[in-house]
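Down below are the structures I want you to see.
Two complexes, one shared chain (chain A), two partners (chain B, chain C).
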Partner chain A sequence: MSDMSKKNAGGRIGLVVTLLVLLLLFAAPKFANGYVVYILAMMCINAMMATGFNFVIGFLGQLVFANTAFFGIGAYTYGIVLVHTGLPFPVAFLAACLAGGIAGLIVGLPALRLTGFQLAIVTLAFNELMRWVYLHSGAVGGGASGMEMPDAQFLGIELIGDRSKYIFILAVTVIALWMVRNIARSTVGRAIVSVGASELAAASLTIPPVRYKIAAFGLSGFFTAIGGAMFALLLGRVSPESFSLGQLLLGFAMVMVGGMGTVVGPVLGAILLTAAPEFLRNIAGAEEILYSFLLIGLLLFMPSGLFGGLCALFPSLRERHLGATP
Partner chain B sequence: MMPRLKLEGVSVQFAGLRAVSDVSFEVAPGQICAVIGPNGAGKSTLFNAIGGYVRATGKVYLDDTLLSGKPIHEIAAAGVRRTFQNGGLFLDLTVIENIMVGLHQSHNIPLVAGALLLPSARRWEADAIRKARELLDLMGIGNLERVLVRDLSSGQRRIIEIARALAVPAKLLMLDEPAVGLTTLEIEHLDQVLKSLARDGISVLLVEHVLDLVMSVSDKVVVLNSGMRLAQGTPAEVKQDPAVLEAYLGYSELC
Partner chain C sequence: MLGQLILSGISQGAIYALVALGMTVLYRTTAVLNFGYGDTFMLGAFVFYVFLKIAGMPFALAALMTIAVMIIVGLLIERLLIRPIAARPHLLIAMMTIAISYMFRGATRMIWGRDVQPMPALFDFPPIFIGDMVLTSQNVVIMVAAALLVILFFSFFNYSSLGKLMQAASHSPRGAALIGVNVPLFSACMWALSVAIAAIAGILVAPVTLLYPDMGAATLLKAFAAMTLGGFGNLGGAVLGGVVLGISEQLCGGYISTSFMDIFPYLVILVVLLVYPAGMLGRAEITRV
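Presenting the complex of A and B:
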């Protein structure tokens, strides 16, 4: 009984803290300068990128390197629909997410036959293929110089300037992360994790491995593309160099540093690795070295990531992330 | 009575090696049937052939349904559940989460309902948790609900794996060496669990080296040697079969 009430109290504290943080984040444009607001928006975008990545490398446990492609597909689809079709902003945004999801489903097909390094290389090739497509997109995607996008309007509000864009991006991120948390705690999340742990054991419990592998890829593409579309919205333009191998490694590092296979981990990783370069920028000349040391140190001393480290300190956190013991 | 499980000439071939050769037998509803034989006799391979884990020739029927050729998850959905020799639990999930994965067939919430936490999804999830708790209490391990499987003893893991296999009503339960690593007390517990399952009409197919358990619980014993069925009958009959004594069971163990 006392255990139960302690748990409820813990849950209530967690809820209050979450609400306070959200209030602070939504109020940020009122008191923070434009630079900080821009960084906060980038944190949201990277959080979605890492979260999408985590569906395949964390929950499904597969070495997949196609996520910059999903990110780019989200960004380009958003831009192309907005520029070339004249459809309203919400349609362009939704189309971008769906395009990412469909790309995920397609990339998931080779994963039915390949695993490990082979899958890593095939998905990496898909990444490079998409970069070739952006570069040769001609009038549709602007080729090497990329494309500029018109201003967006949502519910009658002009999304001009980083502050209004940030509020939209933050709201979408909060809703998307809430959905990811729910999925991770649902039958679908547990089925994906179980297929990742052992396909045979999962199948022995009536879980069709093929369906849930494909689902993990589709979800990965969908949530990564949300990040991509928000990225295009924030910058007002897209160009091929934004979707390089460096971007891919950054996303990978965010998931690793934050904690693979958890809902909170990739978000923590994204926040840290987005903020770190900004803080280190003031230390001229040592920026890259310190950043590298930070990565090495974190992975050496917290092999299960920031969230794993937090769970070791506060075991009660663990229950609230995956698979949800109520 | 129609047999629960019926094997007709089941064979499995691995790159020239016949691991299982033309094996036929039947298991009645509520019957406990042990498959014994020396190491390499093809016992686990036979399990894998029934469950769809390896490609096999011949026919396997569950009640009237032909299982042969179906994928693993469909055979499981038809009512064949199993445990694995080396343990098939998900180590990084808690005990209750493992049981809830076992409830997949009956509590499969659609993606969108789950993602948006629709009332229907909440109801199903709450129901799944309630069912999982009931099952854990029934097995006498309700206190382990929130423990990571990684932190449990092998005896506890065996019991949880059986509980998970039975989370959804099964027709046939296949246990691959469930007594490995168990204490005498835990083996007695397992003995009780198996007998009560059989009383509930579940057929049990058992691969086991602990012969005391085999002789105590089995209604029927099938002896394999080099992939072939050497003998079958009640434990008492098999004990006396000269071919069995010759091929496998040490005289001292049986007399």
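Presenting the complex of A and C:
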């Protein structure tokens, strides 16, 4: 009984803290300067990218590198729908997310036959192919110079400055992360994790591995593309060099540093790795050295990531949907 | 035209073959796929640049020094970063190699910034004419060196007792440890060998290309394509795959379009893995439960 009430009290404190942080984040444009608001918006975008990545690399436990492609597909679909069809902004945004989800389903198909390093290589190749497509997209996607986005309008509010864009991006991120948390706790989420742990064991428990592998890829593409569409919205333009190998490795480092296979981990990683390089802007190469030291340190001493380390210190933080951390 | 394309394809393919061979050696013997191998190759080229251009050493000495330095780097990586996590899942080791690639790229970028370093041609013998085909001296050096290395390498693995022992140890590290083979030492040797091959590829390629910190990524992907084409994890397949990739890439550039050439390796990866994942010389893997 007392244990039960303690748990409830812990949950309530967590809820209050979350609400306070959200309040602070939504109020940020009122007191923070434009640069800080821009960085906060980038944090949200990267958090979505890392969260999408985490679906395959963390929950499903497969080395899949197609996420920059999903991110780019989200950004380009958003831009192309907005520029070429003249449809309203919410339609373009939703189309971008769905396009990412469909791309995820398609990339998921080879994953049924290939595993391990071959899957890693084939998805890496898919990334580069998509970048080539952007480069040669001609009038549709602007080719090498990229494409400019027209201004967006949502519920009668013009999304022009970084501040209004930030509020929209933050709201979408909060809703999406809440969805991810619920998916992770649902049958689908648990089934994906079980297929990742052992396909054969899952199949013997009547969990169809094929269905949940495809589901993990589709979800990965969907949530990554949300990040991509928000990226295009924030920058107001997209160009092929935003979707290079560097972007892929950055997302990968975020998931690893934060803690893969958890909901909070990738968000934590995204916040840290979006903020840290801002202090190192002036030194060429310092960013990469920082990433390498962070990754090496974590792999050697805290393989479950920062969030895993925090959970070891404060067991009440542990996410209930997953048994053990990897 | 056809002959010229094939010749330059072989020369280009020799580099892919070397890089793919170096990766396959490590993959076959320690089951580590080194995602930092492209950047190891890049580092090799830069170390060579330092010895040759900045320290002003003659070619042979600079090359030897580069190989020595890179072997030390490889041994340090194995001892400090890989061995502590060697028993963990392969995914984590693959991530460690990505961390290493970040380190190499960051270090070179910190020193040389975003500039591109040109290297003068090392050998200025007159080019060789075969009919109407031209073969530059650098291409000849690349082909001969790569061929010699591959022959040396295969005779070592297939005919020397140490090479056979290494093959045995890679098949069953546990069994080898039981009969007294020092498996960690063997693993360290494989890292050293693999890094040395990257260094040699870097030395060979440095004079014909420009040096820049991001040059490793494209080479890594091409080596992956070569490995996939030849049969993943097959030593002979890596060499064959590299040469075939080089030739077909040049033919594609010559007869179809040069913009298409950029994605040729990726198309090769996609088609081979989706249609016939075993590759040219590979055998389909059978998983026992």
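The criterion applied here is as follows: the second predicted complex is superposed on the first by the 298 of 326 C-alpha atoms of A that agree within 3 Å, B and C clash if a C-alpha of one lies under 4 Å from a C-alpha of the other, contacts with A are read in each partner's own complex, and residues count from 1 in each chain.
Here is the rule we use: contacts are C-beta pairs under 8 Å (C-beta built on N, C-alpha and C of every residue); 3 or more make two chains touch, one makes a residue touch a chain.
Values in this document were obtained by computation on a predicted structure and should not be read as measured data.
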Touching partner for A:245 - first (chain B), second (chain C), both, neither: second
First, second, both or neither for A:285, with chain B first and chain C second: second
Residues of chain A touched, compared between chain B and chain C (which is higher): C
Partner chain(s) touched by A:129 [first = chain B, second = chain C, both, neither]: second
Partner chain(s) touched by A:120 [first = chain B, second = chain C, both, neither]: second
Which of chain B and chain C A:299 touches, first, second, both or neither: second
First (chain B), second (chain C), both or neither touched by A:200: both
Chain B versus chain C as contact partner of A:317, first or second or both or neither: neither
Which superposed partner A:36 touches (first chain B, second chain C, both, neither): neither
Shared chain A surface residues [contacts with chain B and with chain C]: 200
Complex contacts: residues of chain A adjacent to chain C: 61, 63, 110, 113-114, 116-118, 120-122, 124-126, 128-129, 132, 136, 200, 245, 249, 252-253, 256, 283-293, 295-296, 299-300, 303
Residues of chain B defined as touching chain A within the complex: 51, 53, 71-73, 76-77, 81-82, 84, 88-94, 96-97, 100-102, 104-105, 107-109, 111, 114-117, 121, 124-126, 128-129, 145-146, 164-165, 167-168
Chain B-facing residues of chain A, complex: 179, 182-183, 185-191, 193-194, 197-198, 200-209, 215, 261, 319, 322-326
Chain C residues within the chain A interface of the complex: 27, 33, 81, 84-85, 88, 90-92, 94-96, 98-100, 102-103, 105-111, 113-114, 213, 217, 221, 224-225, 228, 232, 259, 262-263, 265-267, 269-270, 273-274, 277, 289
